[in-house]
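You will see two complexes here that share chain A, one where it goes with chain B and one where it goes with chain C.
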Partner chain A sequence: MHFDPVANLQLLVSGLAFGSIYALVALGFVLIYNAVGVVNFAQGEFVMFPSYVAVTFLLPAIAVFGTVVHWQLPVVGVYLLVLVLMVGFGLLFNRIAYHPLRDRGWMPVVISTIGVSIFLRNAAQLIWGSQPIVMPSLFAVDTISVGPLHIRPQDLLIIGVTAVLIAFQFFLFERTTLGKQMRATAQDRATARLVGVRVGRIVAITFVYSALLGTISGLLVAPLFTVTKEMGALIALKAFAASIVGGFGSIPGAIVGGLAIGVIETFGGFYISSAYVDAIAFVILIGVLLLRPQGLFGERVAEKA
Partner chain B sequence: MRLDRKNFLATTGAAAAGAAFGFPAIVGAAPEPIRIGSVPCLTGSNALLGQQEHEGIALAVEEINARSDKVYGGRPFEIVEEDATNDNQSAVSALNKLLGENVVAIVCPVLSTQIQAMAPVMKTHDVPWMTGGTAVKNTQLGVTNLFRLRGSDGITAAGMTNFAVQDKKAKRVAILHASDAFGTGGAEQIVLNLKKIGLEPVANEQYPKDAKDFTAEILKIKQANPDAVLMYIQNPSDTAIILKQARSLALTAPIIGSPSLGNQTAMEVAGKDAYGTYCAVDFIVGFNSNVATHFLTAFYNKYHHLPDVGTGSGWVYDAVFMLADTYKKQKSTDPKQTIASLKGIKNWNGVLGAFSADAEGNMIHAVSIGQNQDGKLRLVKKVTG
Partner chain C sequence: MPKTNVLAGAALLVALALVPQFVHSDYLLTVIDTAGIYAIVVMGLGILLGFAGQLSLAQAAFLGIGAYTSGWLTTNLGWPVWPSMAAAMLMSALIGLGVGYPCLRLSGHYLALATIGFGIITQLVLINWKSVTNGSDGMTGIPAPQIGSFVFDSYGRYYYIVLVAVLACAYVAWRIKTTRVGRALEAIRENEIAARATGIDATRYKIIAFVLAGAYAGLAGSLLAHMTKFISPDSYSFDQSVVFLVMLIVGGSSSISGAILGAVLLWFLPEVLRPLKASYIMVYGAAVIAMIVFMPRGLVGLLESLRARFTRRPREAA
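Right after this comes the complex of A and B.
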């Protein structure tokens, strides 16, 4: 196969776009893990559910519980509405799935998140049915063409929004009191409580923040994926692998891990075989675990000890 | 007998007691229902196909049970449904569960990979198995009581290949297929058909289950510079996403797909990105028999959306009516007798056309090549296997 710079650039953009989505969802995993010490297996549903809510209000006609509704609200309004709803969702999730079980060890909480995940997927099927739903793109054109180069504007949007979110996250964690409280809670909840951090509130904010990261991922990727009840689970699986590659608990690790998995699977599919894309990603995962069990960026939890 | 208060109480009391203790003759019990099993993929990434099967079966059962004689002798159909989900193991478990439910026939899932996983269990039971799975191998696994109610991939792949080479004058043919049994089997058939005419595919790409980014596959195919791209994919959602991504990456070669490309949902989801594409399908609206016209109308009236006739609701509707006709004719639901009757089916008219069983259990022997013209599927030609 000859080297084609145009194809390589297209692969890079696509890989970075999907990698960005994995990174955002991986960040959600890591933030919750750092805050409460458990993996949230409903993280994928934080992507799927708001996407369904968004298409419900965006499309001219959509069946909800078998009845066709015609809301079709303006795009900006719908995005804001979905973000507000997901703030409530994050708080509710914290209150129902985590808070009552917080003193019973990690296992009941993990089971609880799995339960919520199954519930939300089945609820989505019940409410919106099995048909995949197309989320309208923000762009009038599907492709920007410059000579032989064809780039999806949605890919560029995903990469751009992710870059802004990462910068925002850096600012939040390094420059604000709230961010410092979140970091303190992640490092040692008992000590954070002793120095006056309201840990319960910080945990709730972490769930909300993770839900918002999932929501933004869903809104960004849905025009490429279509909205289905499985969309979140597929992303979450890769994002989980990404967070392990980066070092579970490490925020830079989640970002680098996500981007790496996205880029490697796209290039692997092109240069090795698309049949083994998943295998390539998971061989890398196993390789990292064997050579560097703490992941590329170490594990923050290990630092607690 | 004089019906005074004492006699009335004695009679009704006996009847009530009889009913309670299972003596239906005393109260004239309803005829025993005929239990048919169904194993659609109701959850998981193929839930759309399962939902379509569920709807097709429910419509057929409703229509049959509304007849005065029901199936025969007043006996209605009763459907026992188990979810095959999205993996082979669950499908086999669901099948085993159904076999303990006293069913006399089973409508299998449409996924060939699940049918092939079920084959070892199927071989050990004398039950008529009705399937819409089109992989050629399905009817060559030694399950002698399996009946396929759709055209096999052999016919479909030959139709697609010949259309690409003869009608579209393609010399450089690329293949994109799913990595499941359906996609792999179909791609093998295309390669075989290309070989017969002295051609090799210029690219043969497969994608893993649940993939959503097809950039690598599309760019590889584009780099091979094909005159036509043949897609062999079962999942309508995958088909739609691939079409969208292919168009956004400026893949301009004509696309000729397996039946999922003509699937109503795939066409709706892909929208204008599917315009101009071709597909080999079991059924095209507008070129149908009275049975099909009735099915389309009744389906729309019941569900308020159009059915996916070939891949989803049509073949199961045919399967249930074919079983009903067979039971009515033989006045029995004996599975062995039913299997013998189904093997002798000749020119039975259903939604998907005229059914005649061959030695392997194939009942449909033709497909149509259609083109998506502004969102509507139009007949281009008929292909007989």
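Right after this comes the complex of A and C.
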């Protein structure tokens, strides 16, 4: 196979776009893990559920509980509505799935997040049916030409929004009191509480923030695929893999791991095997776990981040 | 007290043996047989997680490896069923060894994720290795086991194979729990460093746990294949592994009866909820959350505390 720079650049852009999605969801994992010490197995549903809510108000007609409704709203309004809704969702999730179990170790919380995941996936099926739904894109064209390159504007949007969010997160964690309190809670809850951090509230805010990261990833990725009840599951597993590849608990690790998995997977799917494309992330994961279990950025960074 | 236990055990055994005499619906018998088979998988997971404290989310993959090994040997090589079942167990145990060994350095969430990765890769292989697995169409025509001319071809007859297998697996698990290996595993679960310091070869015992969990799931997979006579890759998903984990935790992770109880109860729960039609799995999810919140030590813990409450009262009065 001869080397085609244009095709490779296109693959790179698309890989970075997928990688950005993994990075955002991985950030959600890491923030919750750092704050409460558990992996949230409903993270994928933080992506899926808001996507369904969004299409309900983006499409001119959609079946809800089997009845066709016409609830179309302006795009900006829909995005705001979904974000506000997911703030409530994050608070509720914290209340139901985490808070009652907070003193019982990590396993019960993992099980209850699994319960939430089962609940939401099937609630989605009940409400919106099992047919995939197409989310309308913000862009009139599928691809734009930049010189010889054909690039999807949606990919560029994903990469751009992710970059802004990462910059925002850096600002939040380094420059604001809230961010510092979140970091303090992640490092040592008992000490954070001693110096006056309201740990319970910070944990709730972390769940909300993580739900919002999932929401934004869902809104960004849905126009590229379709909205289904399974859409979040594989994204979340790969994001989880990405966060371990990067070094679990490490914020830069989650970002780099996510981007790396997205790019390697896209190239692997093109050059090696499209049938096994979903296995690539996990092969990388197992390799990293065996050779460098602390991940690329290790635990040391996690303590600082 | 032990005498009443023996009596209760014998009565339970007789009651269990009589089930197919009273249940005639084929559908209900399938559900019962499957519950027994899942109980075996969950017991295997119980050895790994409950006894040794190692979380695996690949039990469904081992179930699949057992099912496909057995299915392939009987349909492609024409092996009889019983040696195929043994081979399925061995195959899953060996792969358990292969997965367990490199995973020894991992624990907690890391181990969970490595096993998730293994499970997803296994399922992709089952879907894509068409020359052996027949891809997503699945494998058909898997024969039923027989002894002499007696063929276990109805769900009522198959029930007895499952019953014997469940009892045998429970016995083995109980022997493990109450002997040296079980105590070593428990020590590792509570504090691996301390266990090593007292001279326990943690590496060896953890591998034993992985191999046993693999063997249990392999046997269960084979039992499932010869019961349904048809297997396809979508039954061996990550979601299915999650279901097994939930069964174990809800039942009570470190007890054998908890594993069986959890598997049977959660397998029947959707059947009980079926009148709710489309919303039943949703309610199932909510029930899982409620159980984990309100029953900290699982069903077994709940039963124990109920028993304690009822037996304490007379004593207090006396």
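Just so we're on the same page, the second predicted complex is superposed on the first by the 295 of 305 C-alpha atoms of A that agree within 3 Å, B and C clash if a C-alpha of one lies under 4 Å from a C-alpha of the other, contacts with A are read in each partner's own complex, and residues count from 1 in each chain.
Keep in mind that, in the parts below, a residue touches a chain if its C-beta (ideal position, glycine included) is under 8 Å from a C-beta of that chain, and two chains touch if they have at least 3 such contacts.
All figures in this text were calculated on a predicted structure; none of them were measured in a lab.
Because the two structures share chain A, they can be overlaid on it, and in that overlay chain B clashes with chain C.
By the touch criterion stated above, A:Asp278 is placed in contact with chain B and with chain C alike. Judged by the touch definition given at the top, the superposed model places A:Ser14 against chain B, while chain C stays out of reach. Using the contact criterion defined above for the overlaid structures, shared-chain residue A:Met107 touches chain C, although it does not reach chain B. Once the two complexes are laid over each other on the shared chain, residue contacts for A:Ala23 go to neither chain B nor chain C. Contacts of A:Phe240 after superposition on the shared chain: chain C is touched, whereas chain B is not. Of the two partner chains placed by superposition, only chain B is touched by A:Gly269; chain C is not. By the touch criterion defined above, A:Val227 lies against neither chain B nor chain C after alignment on the C-alpha atoms of chain A.
By the touch criterion defined above, A:Leu290 lies against chain C but remains apart from chain B after alignment on the C-alpha atoms of chain A. In the three-chain superposition, chain C clashes with chain B only at 95-103, the remaining stretches of 23-31, 95-103 or 185-193 being clear. Shared interface residues of chain A (contacting chain B in one complex, chain C in the other): 121-122, 125, 275-276, 278.
Residue ranges on chain B touching chain A, taken from their complex, read 43-45, 47-48, 50-51, 179, 205-208, 210-213, 215-217, 219-220, 222-223, 236-237, 240-241, 244-245, 247-250, 265, 269, 271, 273. The residues of chain A lying in touch with chain C in their complex are 33, 39, 41, 96-97, 100-101, 104, 106-108, 111-112, 114-123, 125-126, 233, 237, 240-241, 244, 248, 275-276, 278-279, 281-283, 285-286, 289-290, 293.
Residues of chain C that touch chain A in their complex: 55, 102-103, 105-106, 108-110, 112-114, 116-118, 120-121, 124, 127-128, 238, 242, 245-246, 249-250, 253, 278-279, 281-282, 284-289, 292-293, 296. Here chain A touches chain B in the complex through residues 1, 4, 7, 10-11, 14-15, 18, 121-122, 125, 129-134, 142-143, 145, 150, 152, 224-226, 228-231, 234, 265-270, 274-278, going by the rule given at the top.
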